[in-house]
Amino acid sequence: MPGPTETPGLIKSIIKPFTVTVRQMLKSTFGRPQTTLYPMERRELPPTYRGMNAVIWDLCIGCGICAEVCPNRCLKMKPETLDDDEQARAWYGSHLAKRKSKPERPAINFGHCMFCGFCEDYCPTGAMTMTDFYEMADTTREGLIYPARSLKVDMETLPQLPLINYMMESPVLYTDTCIGCRKCVDNCPTNCIIMDTGPQEREKRDGSKHNIPVPYFDYTICIGCSTCVKVCPVDCLHMEPISDSTSSGLQPAEAA
Amino acid sequence: METGQFVQQLAKRDGASDGSVLRANVGRITVTRAASQAFFRVLKEDFGFDHCSLISAVDNQTGFELVYHFSIIDMEGQMLEVHVELPRDTPTIDSITHLWGGADWHEREAYDLMGIYFIGHPDLKRVLLPDGFAGHPLRKDYVYEIHEEEW
Amino acid sequence: MTSLYDWSYWFCEAWLVPLLTPLLYFQEHIMPPFSNPAGDLARWMESDPGLNVLAWTIVVNVALMIGFTNVIIVVYLERKIAARIMDRRGPMLSFHSLKEIANDLAGSIPEYGWKTTTYAGIGILQNVADGIKFFCKEMIVPAKADRLLYTIGPVIFISSSILLLVLVPFSPRVAASSAPLGLLVVMAAFSIAPIGVLTTGWACNNKYTLIGGMRSAAQLMAYEIPLLLSMAGVFLVAGSFSPMDIVAQQQEVWLFGIPMWNIIPQFLGFIVFMVCILAEVERIPFDLPEAEAELVEGWTTEIGGLRLGLTFAAEYIRGFVGAMIATVLFLGGWAGPFLPGEIWFLIKVYGILVFFIILRWTVPRIRTDQILLLGWKRLLPLSLVNLAIAILYVEVF
Amino acid sequence: MAEMWIHMGPQHPMTHGLWNLRIKVDGETITDAEPELGYLHRSVEKIGERRKYFMNTTLTDRLCYASAMTWTHCYCLTAEELMGVEVPPRAKYIRTVVLELQRIASHLMWLASYLPDLGLITGFLYGMRDREMFLNLLEIPSGGRLLYNYVKIGGVKRDLPPGFDAKAERVMQTLERRLKEYEDLYDNSKIFRMRTDDVGCYSASDAINWGITGPNLRSAGVPFDLRQADSYDAYPELDFTPVTTSAGNGRSDCFSRYRQRIDEMYQSMDLVRQALVKMPEGKVMAGSVPVRARGEAFRRTEDSRGEALMYLIGDGTDRPYRWKIRSPMFTTVSAAPHFLKGYKVADVPAIMGSIDMCIGETDK
């Protein structure tokens, strides 16, 4: 049965392979072989390389999106105490001081990490970066758990990046169930919520009626982290795709 | 043949309904379980769908749904998506292994992971899970544990 | 069972085994060692049976040393040539790099300084490391294996391979024995090994080893006949089985200023011999008994520890001896100008070995039915044709 | 010798992964075979139901570690169909480029793993050496070497850097030179031809019936290529016809499958060149990608190993309700007993290697 290319002659088919291997042998004996002597020589890594994570703490706002998008749940937000200098340098430092809860910073268990780069991609401030450091082997599992402070890096000049909503979602309010508790305002990492008078009237104990305050969202700086949804005690907030939400963010219950 | 054309022709058959065109060269049709065997035979022999791409079993909570994807091996790439509804308590259907040899392991996989029984399959046993495995994991009511490691 | 295990363990491990084996089987045929350089001493040692044993102990020890030295060199060559063929470097650790590593570990080199220094050597330590690894490994007998045969099988393989080294001379000055049947005895010793392979393959109680052993037997049967027939042409021309006579005969006829080594008139026989000896020593186009793609490791699958190490070494010794026989038969043995005979002999042998190595990394492995077909249908007629040519040659010259 | 069953696997040099092939041999001739899967079953479909749509690209990367890009692309294409996302034209071209580069890398990986099956370890190093160049190339935009996570729902992760086409051209020229060498080393090698010619034969009609697709089907002379039959991305705008080879009479043997993949590498290089030339400027990511989806959608793509089909059902939440993967190797392996019977034990690696097993996608 003839093959797709014609079968070579006997002598040719015995000699031909040697021409390749012997040529290669001479080439790599007198030239430079393809392989690198690893510990002594290293290949150049592209700037996009996804190695060990590093967090620019001054940019981090502790929104927890990186923990949210981590497919392996190997990244967790851990409460950290910032000293005064760090507090002052933090981008949203003034706001952090206002927040009641402790600031949180990402800690990573590299034993579970698969270096997919989602935390870097979805970070709204660009604080989460991936370096070209990859020699992280350890003899214990615990050695691969990197606490938040060990991932901290400092930068001389901070890039002034706009806040980008990579999550493509924003919180939307059902005004009729909102109780005006201000938890969302206290916990919003970007300070994009303000409380103002809402449409809902409620009776006070003394009989007087007033409009209870409801949150208003500044969607230009909302990052879609859904912290407000999680802390809401009455489930009056839910996330909706950006294109569907109105600019005010105030959505009557009937329309929803 | 145009996709719309043969979807219309097929939809006229017994037990077939909801013929529609999803996109270019791709049709969709729903068939009852009783009429499925005759329908598939016509599909293979009269309409020339010689390739069984995929058999997916879907757990709809109320019942099961089998989604067959058939195609023709030519440059047109005509494709037909056939939906068959199965009741939850008796998820059985006639096997199509004798029509398409490639459907063999797809049916075994649907049995393995979703618990659909194919009548007339030559060797219906688990393919991905071990033989003694209890339950069918892709069902929505399958109970499983999630291990979240604390650190 | 424990006592049997202990006995077999020591039976396999002891260096005495390879020493004793030739004595047991060939005591009748041995000739006095050191026959040429120290004739009187040899004759004196031959006179007494006790001295004879002592002499043979010395001879086999020397042969072992030569054998294992050559194994180390051939393995090193194989690693390096294979690496260069594959466009890589091969082992790169050497004695002088140990110093650099020690410095590195001691911290005398500053951090990042090691990026500029290099401790790449030529890689001779790799073989030492491998040897140490084999020595340190546990000897495991599979639970359902036939213990006696399992332990004896590799011993037969290894000891018969070492025996080969004693039987082939390096030169008239460096020769341990000159058995009356000469190279025929070598061939007889060559065909002991497949018994060991078959025994081990069966005794391991493993399907892969069994198939490997069966293949070895089939391959041997198919290739033994053309091998001997291709050698018969040379014996015919020389009129003797003795390697000394064969080499001497090749120097007799000269053509246009070059000696008519047997490779020239009997080129066909040379080709048949090389193919057959490749099959005999089980190197890659014909290494079916241990085809690692389908039979995991073939008949050596269940062997471990020092047994495996010595088996590997024995395979290389067999390859080495195969190249030695080819040199004696077809390439004029130790004959050559200017340099001493031993050097010429080694140059030729290593030339053939390098060819074996390049061949191994250039062609895939052939199939069982194809190898038998090649042996019976191609090589057997070709060797007969070669025999006819040899007869013609004898008639003409 | 009486007939006996031999287990080849789950730990065996032939398997290229973790699976088990039980063969029944009479002497050295195979009389029956039965593949057993499940050693690498990770239940990707079930895990995917717990994860958001965009997170599943990390799972699809791991479906086939030799061809991560094509699987992720298939998933993203399906998700885009489900969500109704329009991909910008530049992203389409970039996807085409990286897909074809990945196809070459995958075929080289196959070549590398096939030659040791025949007993030539040099081929492994040669294939890996050449694949390395393509991994370096794919590393430039994606940042990963094996699992890229580069294609995203709505586009690609980032734009190709300037100078990428020059680098790609240099790499492809090197590969073309090397492929010429391989012609001497393999096509013109007597023993290679002895091992592959007329081994593992099946006819085109049988292959279609058993559900074999991709290079394994095209090697029987059937010009079926989903890049044209169910076209996606920039393929409709590129000029190509499916390459086919055949062992004669519409049959496929190990050699024609080998030749088919070599020819496809040439074609892929041609496609990369075309796409790099025609590539428009613009964005690489769709402006708005919804997180939630409702409805059902399926897309099929030409994976490196055959027809990849993904079927997604969304119930309005941000996680898929049902996700079904069609792996080309799953059906091909199911047909293995048919084309193993009658050959020798030594042919098992040659045949199972030639169909390009990837156990990751097969076991899901």
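As written, the chains take the letters A, B, C and D, and residue 1 is the first residue of each chain.
Heads up, the rule we're going with is that a residue touches a chain if its C-beta (ideal position, glycine included) is under 8 Å from a C-beta of that chain, and two chains touch if they have at least 3 such contacts.
Just so we're clear, the structure is a prediction, and the values are computed from it rather than from any experiment.
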(request) Give the identifier of the chain nearest to the protein's overall CA centre, each chain being represented by its own CA mean. (result) D
(message) Rounded to a whole Å, what is the gap between the Cα centroids of chain A and chain D?
(response) 31
(message) Report the inter-centroid distance (CA atoms only) between chain B and chain D in whole Å.
(response) 24
(message) Taking the mean of the CA coordinates per chain, how far is chain C from chain D in Å?
(response) 44
(message) Could you work out how far the Cα centre of chain B sits from that of chain C, in whole Å?
(response) 62
(message) Among all residues of chain C, which ones touch two or more of the remaining chains?
(response) 85-88, 361-363
(request) Any chance you could list the residues of chain B touching two or more other chains? (result) none
(request) Could you list the positions in chain A whose residues touch two or more of the other chains? (result) 17, 20-21, 34
(request) If two chains touch, include that pair; go through all of them. (result) A-B, A-C, A-D, B-D, C-D
(message) Applying the document's contact rule, which stretches of chain D touch chain B when the two form their complex?
(response) 37-38, 41, 43, 45-46, 206, 208-213, 217, 222-224, 226, 228-230, 298, 300, 307, 309, 311, 313, 322, 324, 326, 330-331, 333-335, 363-364
(message) List the residues on chain A that touch chain B in their complex, please.
(response) 73, 76, 109, 112, 145
(request) Please name which positions on chain D make contact with chain C in the complex. (result) 1, 4, 6, 8, 12-14, 28, 115-122, 125-126, 129, 185, 189-192, 194-195, 344-349
(message) Quick check on the complex: what are the chain B residues that touch chain D?
(response) 25, 50-54, 56, 58-59, 67, 69, 73-77, 79, 81, 100-106, 109, 113, 126-130, 137-138
(message) Which stretch or stretches of chain B touch chain A in the complex?
(response) 148-149, 151
